[in-house]
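Several structures are given next for inspection.
Okay, so chain A shows up in both of these, paired with chain B first and chain C after.
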Partner chain A sequence: MEFEIKTAFYLGGIPVTETVVNTWIIMAVLIAFALAAARRFTTAAPEDDLGTFGLLTEMVVDGMNRFIGSTMGEKAAAFGPYISTLFSFLLLANLSGLVGFRPPTADLNTTLAFASISFLLIQGTALRSKGIVGYFKSFFEPMFFLFPLNIVGELATPISLSFRLFGNILGGMIIMSLLYQVIPILIPAPLHIYFDIFSGILQAFIFTMLTMVFISSAD
Partner chain B sequence: MDGMLLAKAIVLGASAIGAGIAMIAGLGPGIGQGMAAAYGAQAVGRQPDASDKITQTMLLGQAVAETTGIYSLVIALILLFANPLIRLLS
Partner chain C sequence: MIELSWTYFFQIVNILILYLVLRRYLYKPVNDFIARRREHTEGMLKEANESYARAKELQQQAEAQLNEARREAQALIEQAVETGKTMAAEIAERARTEEAARRERLEREMEEAKNRALQELRQEVASLSVKVAEKILEQNLSPKAHTQLIESALERMDDTYVN
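Let's look at the complex of A and B:
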């Protein structure tokens, strides 16, 4: 059994893996959707009929805004675009296993990259709201000798965020492929509902939710 | 050469057992998530209006409780598919 990430092709000596190619495809889908939606809303007059696609776009954006607003409060306007992008990318990435792709999130490189962005955002928010002195002072609270513990606690955030997503998606993938080797027909099909759809949506939701909670508590 | 093969077999066998033992850690998150779900159900029973907020909080808590189980899964996967110990032999 091989669960290693295959190299798709070489770009001037640099190996380009399956993960990167799948990420490009997902990016292309998201960008195409965004461009089409944006053109619809900038060209249409306010009283025009938006059509099914326009209504769908409005529903998605409105739902995201309400969801972010309920968790982050007044900071939703500043972080909303990042959180929405994160959620839509992770959702498509997790669900891409359904159409036969290797999910990009089943690669630690992808999840660690996203967790690092979130980590920098959390630290940046803390630095901005507490000031430089207050930021470094917060590592020595509540007591001076707890400094190492605070450092480890901060560094554990991106690690646990990335490993949670990676482990869940890769674990699901491995269980499904083991099952396909034992019983290749009929039985594995309904299990995709749990391992791909339910688990995929839930993990995308949890990653964004935890990012929001950490950013809110850093402020 | 023969001794090398034996050593490799021992490392592989021990790694497989180690992966199995690592997954015992799955017990903890199972119990923890079950308790979170039980209290979540209880809370929804008391306050059906707040079920959205309760579900959200429950899922968040369960995700955090799951972390240790995921760590053990990652260790088991490393032992099975990217064994660092076998490289020490050569």
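Let's look at the complex of A and C:
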């Protein structure tokens, strides 16, 4: 099947897939951007002109801060950088299909990895705010026999998060590939706008938004 | 694709590395800068407000001082006018007094001069009389004619000078 993920090379016997290589490329882009942008912020005096690039960077970072703040409230300061990182990465990963990459998010390993981190953050926040006793007690509420259901409910969060993102991106990718085999010109262009741009931005947003909401409601 | 593989662990490490790098090199500097600038802006705003309040206070003080100065100037003018009037009255009074004194003195001097003139005339008459008498004597007049002559002379003299 041609949608299988190719193994790029082996690193000491461990297979490094196309997904990982593409992830590294996206990471390199983001890190290069960060390094280029950060220099002027560390040295700039408050009244200095940041330039167009600096202002744009500030606008993006400040915009994400505000958005995370409006969703998470006082927890934004602690979780803001991770949520921003997650959103930036997912956005570029989902959009990377536009330049012919196989989106790293069209691989369950990627989405499940991120969902696992979200799961740990959610459980960690709950543990911290309820205490160890309160945390375990919450699984037996409102009735003790609902314990299995509570466990399933908690585990459903990372599974639904990861499969939603993975399914949407993979589905879009498959539809576009099939379309290219039938009509390779003109028709695919507007569909890219839907499957890659619209769906990609929306799914990145949904994943981060749900992570924020679950962390906030874990209190 | 759906089966789990090493990629899962790679991706966990990748996102954590990306998180640490972006936090260190992007979010921290940018957020620090935003905080620094907010502080700076708030400081400037506070300073501006303080300056404005101080300027307003100074303006009120200046206005109060100006009003005070105006009032003082008005008072000074009034006082000067008053002094001027008093001085004018004094000068006029003194002039009147001096004029009266001068007139009195002049009158007195005139009186004295008149008396002195009379005195001198009398002496002159007396010596004239003696000279006349001598002249007559030289012409050998009779005692009778002599007396008559003196008396008539004296009479004429009285008529002319005394009256």
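Note that in this section the second predicted complex is superposed on the first by the 218 of 219 C-alpha atoms of A that agree within 3 Å, B and C clash if a C-alpha of one lies under 4 Å from a C-alpha of the other, contacts with A are read in each partner's own complex, and residues count from 1 in each chain.
Everything below uses one rule, namely that a contact is a pair of C-beta atoms (placed from the backbone, for glycine too) under 8 Å apart; a residue touches a chain by one contact, two chains touch by 3 or more.
From a predicted model like this one, the values you see are computed outputs, not experimental measurements.
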When chain B and chain C are modelled together on chain A, clash or fit: fit
Chain B versus chain C as contact partner of A:M209, first or second or both or neither: first
First, second, both or neither for A:F41, with chain B first and chain C second: second
First, second, both or neither for A:Y135, with chain B first and chain C second: neither
For chain A as apex, the angle formed with chain B and chain C - C-alpha centres, to the nearest 10 degrees: 130
Partner chain(s) touched by A:R164 [first = chain B, second = chain C, both, neither]: first
Which superposed partner A:L112 touches (first chain B, second chain C, both, neither): second
Partner with the higher number of touched chain A residues, chain C or chain B: C
Touching partner for A:L30 - first (chain B), second (chain C), both, neither: second
Contacts of A:F3 with chain B and chain C, given as first, second, both or neither: both
Where chain B and chain C come nearest after superposition, their Cα distance in Å: 8
Touching both chain B and chain C, residues of chain A: 3-4, 170
Residues of chain C touching chain A in the complex: 1-12, 14-19, 21-23, 25-34, 36-37, 39-41
In the complex, chain A residues that touch chain C: 3-5, 14-17, 19-20, 23-24, 27, 30-31, 33-35, 37-38, 41-42, 44, 46-47, 57-58, 61-62, 65, 80-82, 84-86, 88-89, 104, 106-110, 112-114, 116-117, 170
For the chain B and chain A complex, residues of the former touching the latter: 56, 59-60, 63-64, 66-67, 70-71, 73-74, 77, 81
Chain A - residues contacting chain B, complex: 1, 3-4, 160, 163-164, 166-168, 170-171, 174, 202, 205-206, 209-210, 213
